[in-house]
Structures are given as structure tokens and as C-alpha cells.
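Shared between the two complexes below is subunit A, which pairs with subunit B and subunit C, respectively.
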Partner chain A sequence: MRYVMKKLFSAIATLFLVSVAVFFSFALIPGDPALKKLGTQATPEALMRLRETMGLNAPLPVRYLKWVAGVFRGDLGTSYSYEIPVGELLADKLPVTVALVLFSFLLLIAIAIPLGIRHAKHEGGIFDRSFLVLGQIVMAIPPFFMGILLTWFFGIVLRVFTPGGYVSWRTSLTGFLGYLFFPALAIAIPRVAMTTKLLRAEVLKEVRRDYVRTAFSRGNSSMAVLYRHVLKNAFLPVLTFLAMNLTDMVAGSVVIEQVFGIPGFGRFLLISILGRDYPVVEAIIMGLAAFIIVINLLTDLLYRMIDPRIGASS
Partner chain B sequence: MKGRKVMKKAVLPIIVLSVLTAALGGCAGGKAADDSSRITVGIPQDLDSLDPHYMTAAGTKEVLFNIFEGLVKPDQTGDLVPAVAEDWTISEDAARYTFTLRNGIRFHDGKAVKAEDVRYSLLRAQEAGMIPALEEIASVNIPDKDHIEIELNTHDADFLCNLTCAVIPESNADPSTNPIGTGPYKFVSRSPQENVIVTRFDDYWGTPAGIRDVTFRIEANADAVVMDLEGGSIDMYARVTSAQKEQLSDRFEVYSGAMNLVQALYLNHKFAPFADERVRKALCCCLDRQGVMDFVSDGAGSAVGSSMYPAFSKYFLPELSNLYSTDIEKARELLAEAGFDESNPLTFSVTVASNYQQHVDTAQVLAEQFAKAGVVMKIQTVEWNTWLSETYTNRNYEATVVGVDASTLSASAMLSRFVSDAGNNFINYDNPAYDTAYATARMAVDDASKTAAYKECETILAKDAANVYIQDLPCFVALNKKYTGYVFYPLYVQDIAALRLAD
Partner chain C sequence: MNAEAPILTVEDLQIDFHDHQIPETAVYDFDLSIRAGEIVGIVGESGAGKSLSALAIAGLLKRHSAVKQGRIHFEGQDLLHCERETLRGFQGDEISVIFQEPMSSLDPLMRIGPQVEESLTVHHPEIGSAERKERAMEALASVGLSDSKRIYESYPHELSGGMRQRVMIAAAMIAKPQILIADEPTTALDVTVQAQIVALLKKINAEQGTAILFISHDLSLVRQLCRRVVVMKDGRIVEEGDTETVFLRPSHDYTKELIAAIPRVEKKGTAGRPSLPETQERGRRPILRVSGLDAGYGRGRQILHDISFELYPGEILGLAGESGSGKSTLAKAVLGLVGVTSGIVEKHDLMPAMVFQDPYGSLNPARTIEWILTEALTKGRAGRFPGGRQTLRQRAAEALAQVELPESFLERRPSELSGGQRQRVAIAEALIGRPNLLIADEPVSALDVTVQAQIIALLEKLRRETGVTILLIAHDLRVIYRVCDRVLIMRDGRIVEQGDVERIYFDPQESYTGELLAAAGITG
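The block that comes next holds the complex of A and B.
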């Protein structure tokens, strides 16, 4: 329990530090949201009025406290650019990014785990060796470039999907998921290669252990040994790796959304930073930070469940 | 043998998943329906506001042009034509404008346009402060239900061009999320960073729009434009580059026009070397316009020699672009007179907004051209908002390459900023002769003397080498050949109502 409390406390402290860093770093970069909104033609009076309405004239710490108080009330502020509540604005975009990340995570698991096991079983075979080389190449390709390659090949050459033809989940759920397939694949592919390699190595390490021989000698089938004994142990490092990947994939989605023209969190974050739409930027970054912290927290706890020795000493 | 079974079991989910997703992918591809009564127009950025009195970006104005109208509106030739007003008279001293409202004109919500709505709109726009010239309005009167009378504080024969300002219903409680106007298209929905959807307004007073449903789709990734056009997710894009133009297949018609702006190396006159006329002239003598055009847009573009672009045909003076011919020797002489030579070269930095590739490219060519006369120009790229606050507003720069456009169809929109005390005089230009010439132009009531005075202003800017004037950039519009009828305006306007299906 103390372990859980300790982890929880550090998570909250991290979140607080992130909020301070985000809020104050915007004070340092040039660019005035009111000026951005009014452009080059506005009168100085109009500019002053807008700064007042936006609450930009108050000192920074006051603005920070107001914002924090708002967050606790569930009020994330109003977007400067769209003049609608940030919560409402992002609620519309949340399913997009969540679907994209989950989709690619599912693809990752569905492809990497069977593939990793297969590799381990056929160690040294032609399939295994050629895939090792291919995997090495794939790992070196950055996701955005993978995105461009997929768009070109499946979109322009094969015409399997319409590049830029994003369909909103409100319009058609199948169309939406269909469009997300290739972006999700672009995020997943390099990670599939990494996970496959890791799982293969872990399984191979485990099968050489004594307990495997013992298990076989007790008459277990190879399938039973693999799934009941080897995989359970080989999975531990892979699980951490997958959890780390989940957070990393959220970051990857920021880039991929831009390549495929998907209006999710990532594109919104970029546009809002360029547009100095601080309430939106703060909400998105805090949301992402919270997500990453929660995933890390869960991994730590899950890890301890699988192997109770972890954290026992603390 | 058992191991093989395991493998088969493991591979099965992959196959199922792949088939499933491929099928779904097929659905998405099929979505690009070939319905001819609709068009998807790609736009480079999201609208900054749906409220016409608070919009600022040129990219917003060109879209909202389809939804809103003022008492008057611009046409393709640059004239102002009747819109919400059917007719108007201007008092002899140009201080009172009287408009007759169009009979039977309606808003998109079905309500009739009343004189009160016009007064409300004008006063609201005046308060918004986005069109500084509206400050001149002293009062808006309603002599009878069909007429509206605008009294000005001063006489201003150019005032009409500010009355393109949108007329909106007083009854609309929320113009920023529910825009209602009188234009050929009415607003349907908006999804931030995704799209804005409009549909034909069937009770429109004028020629009805040719295409029923229009989706303005935000193209966040300018590099994907060709792919999106070819793939069919957009049918039109108004800002293709000359390189993208070459990549398009013959399914697209590319219309060539001008961006209607004055691209120049704008010089901060408060930066000591640029206070010296000889230094500015030396830079003008280094300029090879064709060299810039060749590099930036494969030779397209129109030379400009002062702060006026060719579409303002009434005011544009083409001969001013020949005032300084490329002459490196002369440039060296002028620089030497001003105290700069090889041991003490003229050195300055140019600040360019990184999102405008044409301006960044132009700066690179200029740096090479200036180097021939021993001038060292360092390029510094900044992001647009930094440019806006540091360079434009705080005037904290030495030189910048940018395109300056006109917000209204009057010469003053281009020339007012160079008056010494103008709030938007970002080059800190201070020339009493110019101030006098501009004041004369503003005061003139009769058109001939007004035009002559504006031309005088342009000539002063050119002869004084106020800036290193380069060109009006070319503009290429790609339109799927399923559609036709694209027209250029002398302002930032995308007149979607003029488009129709090709036969």
C-alpha cells in the first residue's frame, strides 16, 4: 500500500511540475494571442479590449492560479481561436486520437506477438534471418516517412484509400476506422519490428533455462510449455516495453496526424501552439502528461502484480 | 507437428484482422462519391472567426465572402456593385452617403433585411475596430424603412469601399458560432481544424450559386495538396505552387492569376543605414527582379516599383518598376558615398516569416544579388506570430521580406501606412512630402484629382526608394475539370458561387 501511495504522490507532483512548466514557458516565447487574433488592421483600443477580455493583462501567477482553480472546477477555459469551451472543443477530437492510438496498439500486439513467437520457434531459419534484416531496416524508418510511403503506395498507386480523405466518426464509423488503418499501421510498423525482436530474444533466453527442460521431462506438450511457462516469463520485459510504447505512440500520433491530415489532438496541439491558443495547448499537454503518468503508474503496479518482489524492499 | 499448429493459430488472427481492415479501407475509398452537386475546396488554414466583424485573416475573408455581403460588394474588375443596397447617392462634399435597401432581400434565416439591421451592423463593426476607417462614421440614420443614411465626421470620397462590411441580423444572439448573412451560400456546420460546410441559399437575391453543397476542407499539410487533389479528397485548391502545378495530371485545370499584394524588401528607416537614401537606392540597383521570379516561381509574377499592384489598374504605374535598372557599379558608388566599402561592408539582417516559402526563397536570391555589390544580408527566419509581434508591431527589425495586401478596394488601403504617424507604418517611413501628397489625395473629392494625388504618393515612394519593391506574386488555382467558371478578384476572394459543373 505504501508503495502505491508513494507512486501516486510522485505522479501528482510530476503533473504539477508539468502544469507550471507549460504555463510559464508560454510567457517566455514571443507572440501575443490578442494580436494574433486581431491581425494587422485592428485599432490599438480594440487590441486592449481583447487583451482584457482574454484576461491577458493580469500578472502571470494570478493567471496560473485562476487556470488551476478552473481545472479543479472542470472548466478548462475558452479557446481564443474558436470562442467555445476547450472541453467541448477537445471532446470532439478525443475519440480521434484515442482510436488512432488504440488501433495501432492493437495492430502492434496482433502482429508482433505471434510473429515474435514464430521467430523464436524457427530460430536461424531463412524466414527468421531475413526478417531480422527487414526488421532492422523498418526500425530505422521514422514514422512520418513510413506514413508518406504508405500514402504513396496504398493511396496513389493501389488506390486502396483516399489520401487526405479523412471521414469523421460522426459521419461513418466504418469509414473512420478504415481511414485510420494506414496511419495506425505507420505508427505500429517500427514498433512491431522492435517488439518482435525483443520477444524473440526473451523467448530464446527462457527456453534455454533448466525449468523448461524439467517441464518437458514431466511430459508437458511443447504448446503447454510455451504458453504456460516460457511466455509468462518472457512477457515481463515485453510488457514494460509495450507500455512504454503506448506512451510513445501517443507522441507518434502527433506527427502521423499531420501526415495523414487527421484532425485529432496532435494536429490541434500544433495549430494551437502556432496560433498562441494557450487554453487549448495547456489542456492538451496536461491531458497527454496525465495519460503518460497514469500509464506509467499502471505499469509499475501491474509489474508488481506479476512479480511481487518488485518494490517489496522499499 | 504441434509447433506448426501453434503457428497456424497465431497467424490466423493476423489474417482475419488484415482482411477486415482492408475491407474497411475499401469503404473509406468508396466514400469519395462522385456526386456532382457538391464540391470540396481545400483551404490552407482554419477560419480565424466566423464573425465577419472580427475576422482578420485573408484566408477567412475569402471564404466568408460567400456567406456575407455588405451594402456593396466588389466585383471581378475591382468595381463596387450593389449588394444589400440597391442604389446609393453620395453628397457633393462626400460626407453623407444615402443607400436604398434592396427590395425583398432576406437573411439566411428567412427574416427580411431591415434598415435597423444595417445600422446595427455598421455600429457593431465600428466598435469591433477591425476596419479603422469606420471610425469616420458620425451617425447612421434611418430616414424611412427603405433608406439608410451615413454621416461622416470628415469628407471621404473613398468611404464606399469600407461598406463591403457584412450586414448581419440584429436578432442573431451568437454571430461567432452561428453566422447568418445574405450571401449566395448559407452556413451549415463547422468542425474546428476539419471543415466548414455551406449550402446554396435558395432565396438569394442575385444569380444563384452553381453548385449546391460546398465543403471547405482544411489542408493542414501543404505538401499533401497534390496527393489530395489527385486522390479526390479535394476538388479545388487556390494556392498551388509552381512546382505542384507541374505535378498535377490533366484532370485539373490550373488558372493563373496574381496574389494581389506587393512583395518587397521592406526596410526599417529607423535602422541607421536605411535612413540614408543612397543606401536604399544602392539596394534597388542590386535587384534583378527577373532573377527573383525565375527562382521563386519559374519566371511568373508581375514587376512592381511602388506600393501598388497591377490589379488596381486605375492607380498602378508600371513605369515605376523601371526606375532603377540592375547596375552593380552604380550600387557600389552609392554605397561608397554613404561610407560603405569592402573594409566596412553594409551588413544587415532580414527577418522572414518561415511559413511563407516564397518570401524565404526571395530573401535567399536577394542575399546573393546584394553580395555582388559587397552587401552582407543575413537571413533570419521566424515563425509567423513572432513576426507579427516583433517585426510588424514592435518594429524590432532591420529589413523584412513580406507581401502587403489591401483590405479594401481603395488606393488608401495600400498607401495610408506610409504616412509618418500611421499606426501601421511598420517601416517607420517619415517623409513630409509624402504626408502632404497623401493628405491631398484624401481631401480630394473629385475622382481625377484624387487619382492623380495617389499616383503622386506612389511616385514619391519609388523615387525615395522607400523599400526595395519586387513583385506581385503569381497565384495558381487548381480546379478539377468536373467544374468550371473560376474567376479572379483584385482582392482575397474565392467566389465559389461563380463555379458550375462543366458540361
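The block that comes next holds the complex of A and C.
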């Protein structure tokens, strides 16, 4: 319990530091939202008035505190460009990105774990060696290019889906998931190769350990040794890797949403940064940071559940 | 069934490895028979092939790396050539194994209970989980783990080394096998725990009639436990027979050498050893005087309590005790590496140097011996050393000569050396700074018995020729007796008893000293 409290406290502290960094860095980088809104032809008086109404003239710490207070009330501010509450704007985009990332993550687990185990079982065989080479190539392909390849092959040559023909989840859930399949795959593929390789290496490392010999000495079959003993031990480092990937995939989705024309918040983030729409940008980055912190927290707790040795000495 | 008929026979076992291009034979013409209820020992140094032979009998040699020829008869089957399923049917049910390292031999992520039960789970699925748990509790209780309920729910890291080995034995015995193969089961344990495990194996053998194949490099343990012994060298059996006969009238030269290498503890009186400190050295000033020392690692982690002793120039002082008794911490306190809470450490022109237990881990594998030896003098900047590289090389060669290694070793790397040679290099590394105190922390415990004898002889020679004082930390009381003038017996961070080795060994004043000596099989 003390461990959980400690982790929770450090998570909150991290979030606070991120909020300070985000707010002040956007306040300091060049570019005036008021100018962006009114255009270069605006009179200085009009600019002054707009800055006043947007709250841009108050000193920075005051603006920061106002913003934080708003966040606690659930008020993320109002978008400069659209003049509607940021919360409302994002409510539409957030589920799309979440669905894309989760879909991609599930694909990653569903493909990489059986593949990694199969590799380790047939170490040195044709399957193992050819896949290692293929994996090396796939790992080198950036997701956006993978996205383009998939769009070309499945969208244009095979016509399995319509490129750019995004279906909203409000219209049809199956159509929505069907459209997300290839973008999710593009994000997942390089990571599948990495995870497979890691799991393979971990299984092969664990197989050489003494407790495996003990398990065989008790008459276990190779399968029983693998599933009863080896996998759990081999999976520990993979778990950390997967968690790192999950957070990384959110960043990867920004690019992929662009390639496939998916209206998630990744795409929205780019538009908002270019438009100096700071309330939107700040909300998105804070959301991302919170997501990453929560995933890390969950990984730590999960790790502790699986491995009884962690924290045993304290 | 005829009680004299063997239950397991091994004929002409040969094991080849094809890991490298040329097949390498590790075991030749190995023959062995085990009768019901018998305890047979296999002794030999590392690389003799004793563990390989045992693993082959247990069916645990990996098929692709080793090629086995010969026959292993058990219950009408040839274990070397039968179906994998038939072999598996025996493993854990009729033939069980316990290993050297009980920590790594247990699955770290699984509770003790399911691991103890595993042989039943695999071979007797008809037994329900409640009964299985009951049998596991019984098995844990029968190996002397009285708190079996708590142990059942524990993880391996929560137990001590001795408890883990007991758990391994409970797991091996749960299906009541005919044969228990024990591969160096006590090597990683403290002497008193060793003695307990040996007693437990004896009890299992007497009460359940399980035959035991006991593999060890420790001849005195084999002598305590086994009726019959097989001596192996370089993959071959060189001698076999009744244990007492082999010990008293060894016929093969190697067996004689092996037995001679065991440090003997026989009362020599003052004639047998150079008696330095308590007689003529008393008048000399000690190079180290520790009085009332309390020390440890930060707040609340006090390890050493009220330590007082003196170290005289030219003596060899032994530091004995079980693991966790504070021996290494005391050495660190002498070097000033741990925080001293109270007490005095008086040093008079003390120039200490350390030698560690594990010569594999303490030498940088990527460097040549010359680099390793001179690093201490140059701190990695050879160019700044007065006298330059030539002098450095000369100093390194001198240090090698002191440990009886040729100058040509300067060009080699640690991986090209044997264990004994590495320990010699480690000693040379300590000597190169010309210390007057050598602190040797278990310098021989990782070595084979004949190599141990050589390193001990080397330490004695160094003391004789250079007059260096040696603080020797060892858990092996025979080694201490062989080489030390005086000994400190430690327990739980305190000195239990100290004095002349002769006096301590043959007239211990404290009951703990007596226990320790009895556990090592030195005194009854």
C-alpha cells in the first residue's frame, strides 16, 4: 500500500511539472494568438482589446493559476480559433484516437506473442531465420511509409478498403473498425517485429536457467515447462517494453491519422499548433502526459503483482 | 526381489559434445550400479565428468548438444534409448534430482507449494488438489521445515539457502522415488547447514529406503555419507570401492593426491607450525589494533558489535564464521569502507590490499594481464607513471613471478587462464602495490581441492618470503587450520572466540566454536 501511495505521489508530481513546462513554453515561444486571429491588418487598439478579453495581458503566473483552476473544474478553456469549449471539441476526436491506439495495441499483442513463442521453439530453423531477416527489414520501415504501402496495396491494388473513406463510429461501428484496421496495422507492424524479437530472446535466455532443468527433472513435457515456468519469467521484460510501446503508439498515431485521413486528436493537434490555438494544444498535451503517467503507473503495479521479488527488500 | 540386485545399472556410458567442430568426449566408459537403499558417492574435481554422468542418468542432458552412447538400465528400460515419454514417466516419479544452487533451481515467480507438488501434478493427476497440498505439507514437514504452512505460501527469495535446499529435497521426495540424485547439494551452503542437509539425506535414506547418488567435490562429506565411492578424473572412473577402503588405502595415484590435498586437522603442537604471535611476537607492535568497534551500513544497519582484536606483522590471522556473520564487513571496516559508529581502528603504516573470492568476476575480461596488474599503479594513465612503461612491465613481471607464473602470462587475457591461475593473477594484482597486509576474502572457496592446496601453499610462501601479514577470511575451518596462526570465530557480527588456532581447535571455550568444528567434521 505504501508503495502504491509513493507511486501515486510521484505520478502527481510529474503531472504538475509537465503542466508548468507546457504552459510556460507555449507562453514563451514566438507567435501571438491575438494577431493570428485578427490578421496582420488589425489595428493596435483592436489587438490590445482582444488580448485583454483573451486574458493574455495578465502576468504569466496568474494566467497559469487561472488555467490550472479551470482544469480542476473540468473547464479546459475555449479554443481561440473555433470559440467553443476545448472539452467539447475534443469529445469528438478523443474516442477515435483511443480506438485506433487500442486496436493497434491488441493487434501487436495478438501477433507478437504467439510469434515470439513460435520463434523460440524453432530456434535456428528456416522459419526462425527467415523471420529474423524479415523482422529486421520491417523494423526499419517508419509507420507513415508502412501506412502508404498498406494504402497502396490494400486500398488501390486490392481495393479491400477505400482510402480516405473514413466511416464515423456514429454511423457504423463495424465500418469504423474496418477502416481503422489498416492504420492500426501500420502502427503495429514495426513494433510486432521488435516485440517478437525481444520475446524470442527472453524465452531463449530463460530456457537456459537452472529452474528449467528442475522442471524437466520432474517429468514435465517441453510444452509444460514452457507454459508453466518459462513464459511468465520471459514475459517480465516484455511487459515493460509493451508499456513503453503503448505510450509511444499514441505519438505514432498523430502521423498515421494524417496519412489515412482519420479525424483523431493527433491530426487536430497539428492544426492547433499551427493556428497558435494554445488552450487546445495544452489540453491535448496534458491529456497525453496523464495517459503516459497512468500507463507507467499501471505497469509498475502489474509488474509488482507478477514478480514477488520487487520491493521485497524494502 | 533380491536386495543385492542393482535397481539401476549404467554400462559403457560415453558422452560427446559437438558444440565445437571437433567432437569432444567428456565422459568415457562410465559404469555404475546402484542397489536399492544404497548411498553411492561420485567424487572428482570440476571437469571430471561427475555431474555430466549424473545428469545423463537423470535424462537431463540436452539432446542436441551431447551424444550419449552406452546403456542405462532401469525398470527393464534403457533410459538412453527409450521413448521420451517413457523417460518422462520416470523423471520426478522414480528418479529425482536436487541441484547445487537451490535459489536458481527454483522458479522465482512461483510459490513454494506448487513447486513441491509439481511431480505429483505431472505424474499423478488422479490426486486431487486438497490431497496434493496435504502431501506437500507433509513433505515440507519431513525435511524439517516446521512452519510448513507459511513456507507453502512463500516465494523462493523469502527463504534462506538452507531452507531452499530443504524445499528442493521435499519436492524431489514427494512422489517417493527409488533413486535421488544429489548433484553437489551442499556446495553453496554454510558448514552447519551442510551438516544438516547431509543428516537429512541420511535420514531419508534410512527411513524411506531411497537410494542416493551423491555427487560432490568434497571428499570429507562423501566419507560421512556414502558407503561406496566412485572417483573420477578427466571423464574416467579411476577408482571405485568401499569408501573407507578408498580413503585409507587408495590405490590410484590421483586418489592419493586428492586425499592428500584435503587440509588435515591433526594436533601438531608447537612443533608442526611456525608459532609466531602469542609467543615471540607479543612484544612487537601490532600493525592494526581494533578496539570496541561498532560498524555497519548507515542508520539501523549495524553489522559489527564490539569487535576487538590485534594484527601483528607477519602473522596469518583467520576469520571464520558462517555467511552473514560479518566476516567481509569486518574486512571492509579495516579498509575504512563501512561507517564506524564507535570504537577505535588504530593503523600503523598499514598498506592493505584485497584478494576476492571469485577470480572470474574480479578480473576485467577485456584486458590483458599486464593491463590488469598495472592498473592499480597507474590508475589507467600509464604515461604518467614515473619510470614509464618499461618499469611498469617489470613490476608486473615481478608480481607474476611472486605468484609463480611466467612472464609470458602478461600478454594473456583472463579467459585464457584456469581458475587457479586467475586466482594467482588476483593475488599478483594485490601484491603489485607492495602492501604489508593482504586481506584475502574466501580466496580458495571457488577452487578445486588440489588447486586450493596450491593457493594455500602460495600464501604460506609469500608470508615466509616477503613477511606480508595476511587476514584470511574463510568459512572452511580446515583451510584456516592449515594456514593460520591465530583465528577469530565470528557469529552475528560479534567475535565469539579468538586465539591460537591449536588452542581454539582442540580446546574451544565457547559452545558455538564446538558446534562449528563438529559440523565441519573436525571434532566429534
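Keep this in mind: the second predicted complex is superposed on the first by the 301 of 314 C-alpha atoms of A that agree within 3 Å, B and C clash if a C-alpha of one lies under 4 Å from a C-alpha of the other, contacts with A are read in each partner's own complex, and residues count from 1 in each chain.
Definition applied: contacts are C-beta pairs under 8 Å (C-beta built on N, C-alpha and C of every residue); 3 or more make two chains touch, one makes a residue touch a chain.
What you see is a predicted model; the values in this text were computed from it and never measured.
S.K.: Would subunit B and subunit C fit next to each other on subunit A once aligned, or clash?
M.R.: fit
S.K.: Applying the touch criterion given at the start, work out whether A:Ser10 contacts subunit B, subunit C, both or neither, answering first, second, both or neither.
M.R.: neither
S.K.: Is A:Thr299 in contact with subunit B, with subunit C, with both, or with neither (first, second, both, neither)?
M.R.: A:Thr299 sits against neither subunit B nor subunit C.
S.K.: Pick one for A:Thr240: touches subunit B only (first), subunit C only (second), both, or neither.
M.R.: In the superposed model, A:Thr240 contacts neither subunit B nor subunit C.
S.K.: Could you say whether A:His229 touches subunit B, subunit C, both of them, or neither, answering first, second, both or neither?
M.R.: The answer is second: A:His229 touches subunit C but not subunit B.
S.K.: Once chain A of both complexes is superposed, is A:Gly39 in touch with subunit B (first), subunit C (second), both, or neither?
M.R.: first
S.K.: So, A:Ser221: does it touch subunit B (first), subunit C (second), both, or neither?
M.R.: Touch status of A:Ser221: both partners.
S.K.: Name the contact category of A:Gly164: first (subunit B only), second (subunit C only), both, or neither.
M.R.: The first partner, subunit B, only.
S.K.: Looking at A:Leu89, would you say it contacts subunit B, subunit C, both, or neither? Reply first, second, both or neither.
M.R.: Only subunit B is touched by A:Leu89; subunit C is not.
S.K.: Who touches more of subunit A, subunit B or subunit C?
M.R.: B
S.K.: Taking the superposed arrangement, what is the smallest distance in Å from a C-alpha atom of subunit B to one of subunit C?
M.R.: It comes out at 12 Å between the closest C-alpha atoms.
S.K.: Return the residues of subunit A at which the contacts from subunit B and from subunit C coincide.
M.R.: Residues 221 of subunit A touch both subunit B and subunit C.
S.K.: Flag every residue of subunit C that touches subunit A in the complex, lowest number first.
M.R.: Residue positions touching the partner: 58-60, 88-93, 96-97, 99, 101, 104-110, 118-119, 122-123, 155, 157-158, 168, 171.
S.K.: Taking the complex as given, what residues does subunit A use to touch subunit C?
M.R.: 209-211, 213-221, 224, 229, 232-233, 306-309, 312
S.K.: What does subunit B use to touch subunit A in their complex?
M.R.: Where subunit B meets subunit A, its residues are 2-3, 5-7, 10-11, 13-14, 17, 21-29, 31-32, 46, 48-49, 54, 56-57, 128-132, 135, 176-177, 191-194, 218-221, 224, 227-228, 230-234, 383-386, 388-390, 392-393, 407, 423-424.
S.K.: Of all residues in subunit A, which touch subunit B in the complex?
M.R.: Residue list for subunit A touching subunit B: 29-32, 35-46, 49, 81-84, 89, 92-93, 107, 110-111, 113-114, 117-118, 121, 151-152, 154-156, 159-168, 172, 174-175, 177-179, 181-182, 221-223, 226, 258-259, 261, 263, 267-268, 271, 274-276.
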